[in-house]
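Structures are listed in the sections that come next.
In the two complexes that follow, subunit A is the common piece, with subunit B as its partner first and subunit C second.
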Partner chain A sequence: MFNNVSNKTPRNLLFIFEVLTLFLLLVNQWDNIEKTVYYIWIALILVIYISNYILNRISNGDNYIFLLVTMLMSIGIIMIYRIDSNLGFKQLLWFIVAIIAFYFTYFLMKYIRGWKNWGKLYIILSYILFLLTFLLGTRKYGAINWISIGGFSFQLAEITKLLLIFILASYYSKPDMFKDNKYSDYIVMAIVYSFIGLLFLQRDLGTAVIFFGIYAVIQFIYEGKRKNILYNIGLFAVGGTIGYALFDHVKIRVQTWINPWLYIDNKGYQITQSLFAIAEGGFFGSGIGLGYPEYIPLAYTDFIFSAICEEMGAFTGIGIIMLFMILVYRGLKIALNQNDKFFRILAIGVSTLFGIQSIIIIGGVIKVLPLTGITLPFVSYGGSSILSSFIALGILQISSEDMGFKEEEYSE
Partner chain B sequence: MYNLISILFKYVFIIIIYLFIFSIIRLIYLDIKSISPVALEASAYLKLINRRDSIPYKIEEYYSIDGELIIGRRSDNDVYLNDPFVSKKHLKIVEDEGEYYLEDLDSANGTFINKEKVEDVVKLSNGDIIRVGSIEFLFVDRG
Partner chain C sequence: MNEENRRIIIVLAGLCLCFIGLIGFMSYFQVFEAETIKTNSYNKRLWINEEKILRGSIMDRNGTVLAYSQENDGKIQRYYKYANLYSHIIGYSHRAYGKSGLELSYNNYLLDLSESSTIEELKNIVAPSTIGNDLVLTIDHGSQEKARTLLQGKKGALIALNPKSGEIYAMVSLPDFNVNSIDEEWAVISEDTNSPLLNRATQGLYPPGSVFKVITASAIINSPNVATNYTCEGSTNIDGYNFKDYSNTAHGELDLSGALTVSCNTYFTEKSLEIGHDRFRNMAQAFMFNNNIPFDLPVNTSVFPKGNLGDTDLAASGIGQGKVLTTPLNMALTAAAIANNGEVVKPILVSDVVSTNGKLVKSNKREVLSVAIDSLDANSIKEMMVAVVKSGTGRNASIKNVKVAGKTGTAENASGKSHAWFIGFAPADDPKIAVAVLLEEEGSTGGASAAPIARDFIIYGLNNIKF
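Our next item is the complex of A and B:
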């Protein structure tokens, strides 16, 4: 059956999947059809199909990552739309904006050279974004990491995540970033830890772990002084223990992870509801629209994985995990094939970002890891999350192209 | 009515998702199987610029250049392109004291280096794009 797979097969399967979801929605809303939703949904399906077609032509790099991601977001959008049609409508619009952002990033990175020379600029920008968050931030779900501009809420840490990857990539591909300073490796470590500390103050624990994860992976691969890796792990262990001892919100996360059933009436409620939902779904799920995902708190963002497992089954859940695994594998494959060091580190950073972020949140909702509030990339609702994930994907797409010889031309 | 369709669709969705995953895994498998490590050892090689899966006949991603390399439509050439716009013996690349020269073997449709037609013999330099028919190669010299 798979002997005659061509590169059109996944694209067409994705197209069938999306048309079927549209059909399901049509049957559901037969009496009361909202036309604009259909127009936008059809537009999105066409944008995805044409994008997958065009990317094969304009990019000589990888042609799987965009397919994988569009499958993930198609699964996500059905679920979000089913839970809350207003949010689903907004999410459709966000996806179109995000795909434009993807192409924008792709062409920006392709035609502007010298990204590796602006390490200091990235550092300054990151601190400015942190400062803005502290000045304008509002508290949402226990973390002060949202700012609102003109009715839209943004999580600036989503952008800082990408800046961190750029900082590390420009440092390790051009170690003379801090002139001839002997202690430049410690300066970078101090900068990364200052980011983690600031995130800790914002109570954004999930993002703090992502920052540490990206830094640890890139450092493990590229750090010349192997001692520094041990320092890094030691520092994080000590910091984590101190954080656990001093801050209540860290303690609660761990307690509800070890035994949520003791706190089922308040603190552990989220996790137990999520576990009930996954168990309720079984292998094939209850069918879209026939389950009760509204009983899961935040089912459209952090807990979308449980909502999907409930209505579309544990098999779809396993499918999502497999899609993320292939995505991360492709990302690392891209890094192995890339000759330019800067773009290689970018590819490693972005695939680590996708990998760690999905592990943390999927692990959190199935009670394998302590729960921290972050989004599942490409699946969860959230404008800034979708936007930054697609920008990251654009970076990965450009990293998959042959940059080596063009860079040589540039440096001469 | 909706409930029935929804229950039916949940199986359809799962089947489609898994078919999608397996078709991608299959494509990646085919992709990995075809990578030849030969090119990575040679100091000079040709890298295919076209997408390999857009070409309707068998072609490699890399061709290493050991002394001499002949490209043409006949299957006894080093690089064999089953393309109507390629002559039976189309062009030759020869190494001479560390330099590489491209010679057009009186082909019907010509050979182009960086969009300029090759008249006789041209010295190749790293990064040159060689076009034969509709196929484009990147010349890489690491020596």
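Our next item is the complex of A and C:
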């Protein structure tokens, strides 16, 4: 479908970008450079270059989306490494694992058929994951959405996000999922809202909004009963108001969004420190290694955008926003060109996920939206976030391919 | 296009609008909000240098330490040894209330953050220094204490300098404040109607009154067409406004020297008209009116009216009233210029900036800002000013065995009570100290209240300052 598009030039530009930024970082840390650092950097450059190269060979789909994402990953890893070299190294490992997960997803989706038939399975899996979170969950940064297995922390909601897209895709591509029930549309709405409610209880407001966003978008495109869209929006508004009245953590988010300066040394500390960092960076940034990301709370995860803006400048921040915009554009273009409805909805869901998640967190740290603790996809530190983002990217990659041949193969 | 694709494109457009909105806000934020946000005192970046670098000490001309920093349990603290005495000179460096005085204007030197060249900047990035530079002031600590004692209980300013080099020996502005208790008293200090935060010596603008006649006299001497003799009848009517002499005294037949000695108002108002506005203004500007005086602390510019000026206003200017406004610093420089053969020198407060290993980082050298009048004329004015102290309104400033030159002033002002002024220098034959004393809303004449203060200060200074 996209095989006339070459990704050679951007691949080489990306290569130059990485060499230059890594050189800057090396100059900054000249005094205490260890040998392993060189290996890490060579590994990063090779991983990115090779994985882009391989993808071009094996996939006849859209090869730009992976390039966009590796650009985002590069900026993220360099920033994380600059903040904390150990985390940077871990992030690089996660990146490699995530690329494997990407290819794994890609081939799994390509050669296993019937994904659209397992809607009920996805629903059951989602509830199991929620249950696990409540049973094993630990509180981290105010939200109970982490579980710890063998020393690694996971955010199971990252996986549930993808399951939600699958549930909606299989429901709208095969509305007979609940064929014995004429209220099937309400059942789906109830299921989605049970998820959102559970996320509310886990205090994971950001993810709750993402769930709502994905649902609202797919519903907007595919819901036959247009009234349901209004019900959905109404329900969210009512739920949000009740949540605001009942939960203090929701109130705090809104208060510190309206005027964080009143609570500068307590509730508003995070957002104001983020604004200081972005303001200090100006358009061109202080330079890598010359800013003070250590003053920004959670600079390597939720607030990585602020740290990047401080050291690399608002222009890099705007660049990141534009990369996400292009990613969303390519993703929805994939949906427009996809003939298979299930994969079309998957592409829409994944694009919306990337779009909404990046808008919410970037808007949060620059105080356009209330701050909710979620990661910036592909940029923030975090294993589960990267893994789920790359799995989602794998889904988008397979959705960019022509599914026609698969049907033929199937019929033979 | 089918309905489904149309809706996908709507979603795409919606998301793109959000992204563009974010980009728009980022740009708006950087252009309009970033500058103000950066200066918030909770921005730790403002205090990074403070935490890492031992701020330099500040010493007077004899090496007496006035302010220093010390590390206690890993935290650097600033100590001001004299609570009120230097509140307008050294000022304060405070996390919540910012910086003032030399702590502000020499901040980069005190923290050794000189940004003179790219190489220096790179050096700062690679190997930032941890100990700042020291400042050596021209201030004489003893004189500063003496000046404050003399002004105690009054509102006003005293500024004393070396007329030849411009070195400032003492600069006091009252009321002042305790720099060590800013935390507790900030609300009181900042809202006090007597404005203790204002450095009256350099930033207070006052009508100069009769001390301005020194400049008028300079303009008269400099105008060959203006006759210097005049008969004073105690009052004169200019364009409908009646100018009177103090107590309506008719001084009779006067030359310039006689007029200055008795501070005859009618003489100087009439002569101002003869000088003419342009010529008069040029002379005032040669004495730094309407000109920015370069200084280590912020200075307000003295005003001599420009543009169309009626006869009444021009006449009023001749006796330092009307629209003429000046700072005590400017009037001290005026006295110094007469003492210094007509040359206005740049006032110096910080003589040297010395690095921790004793290297001279910066030193302020003598600089002539303007040549107001030639030395012959300056000497004539000087002799007249000597006569003022010897036999005129400034008798209270006379010192046994020392020839003092001076001029008194009693400036009327709109708020009611008059300001008392005295400017002068001594010894007249080899001037070492020039001084300006201003007592705000004192209500008595300069000769009665300001002149004795100047006298006592000059006695102390001549005996104690190491010139």
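Here, the second predicted complex is superposed on the first by the 388 of 412 C-alpha atoms of A that agree within 3 Å, B and C clash if a C-alpha of one lies under 4 Å from a C-alpha of the other, contacts with A are read in each partner's own complex, and residues count from 1 in each chain.
Criterion: a residue touches a chain if its C-beta (ideal position, glycine included) is under 8 Å from a C-beta of that chain, and two chains touch if they have at least 3 such contacts.
Please read all numbers here as calculations on a predicted model, not as lab measurements.
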Inset, instruction - Quick one: on subunit A, after the overlay, do subunit B and subunit C clash, or do they fit? Just give me the call. - result: fit
Inset, instruction - Go through the superposed model and pick first if A:290 touches only subunit B, second if only subunit C, both, or neither. - result: both
Inset, instruction - Have a look at where A:53 lands relative to subunit B and subunit C in the superposition and call it first, second, both or neither. - result: neither
Inset, instruction - Considering only the touch criterion stated at the top, classify A:183 as touching first (subunit B), second (subunit C), both, or neither. - result: neither
Legend entry - First, second, both or neither for A:322, with subunit B first and subunit C second: both
Inset, instruction - Would you sort A:107 into first (subunit B), second (subunit C), both or neither based on which partner it touches? - result: neither
Legend entry - Angle at subunit A between subunit B and subunit C, C-alpha centres, nearest 10 degrees: 120
Inset, instruction - Could you say whether A:222 touches subunit B, subunit C, both of them, or neither, answering first, second, both or neither? - result: second
Inset, instruction - Based on the superposed arrangement, let me know which partner A:352 touches: subunit B (first), subunit C (second), both, or neither? - result: second
Inset, instruction - Pick one for A:64: touches subunit B only (first), subunit C only (second), both, or neither. - result: first
Inset, instruction - If you've got the overlay open, could you tell me the nearest Cα approach between subunit B and subunit C in whole angstrom? - result: 5
Legend entry - Set intersection of subunit A contacts, subunit C complex versus subunit B complex: 290, 322
Legend entry - Partner subunit A, residues of subunit C touching it in the complex: 4-5, 7-12, 15-16, 18-23, 25-27, 29-30, 33-35, 37-38, 40, 42-45, 48, 125
Legend entry - Partner subunit B, residues of subunit A touching it in the complex: 2, 5-7, 9-10, 13-14, 16-17, 20, 24, 27-28, 56, 60, 63-64, 67-68, 71, 75, 284-290, 311-313, 315-316, 319, 322-323, 326, 330, 402, 405, 408-409
Legend entry - Interfacial residue positions of subunit A with respect to subunit C in the complex: 217, 220-222, 261, 264-265, 272, 275-276, 278-280, 282-283, 290, 292, 295, 309, 314, 317-318, 321-322, 324-325, 328-329, 332, 335-336, 348, 351-352, 355-356, 359, 362-363, 366, 368
Legend entry - Interfacial residue positions of subunit B with respect to subunit A in the complex: 1-3, 5-7, 9-14, 16-28, 30, 47, 49, 51, 53-54, 126-127, 138, 140
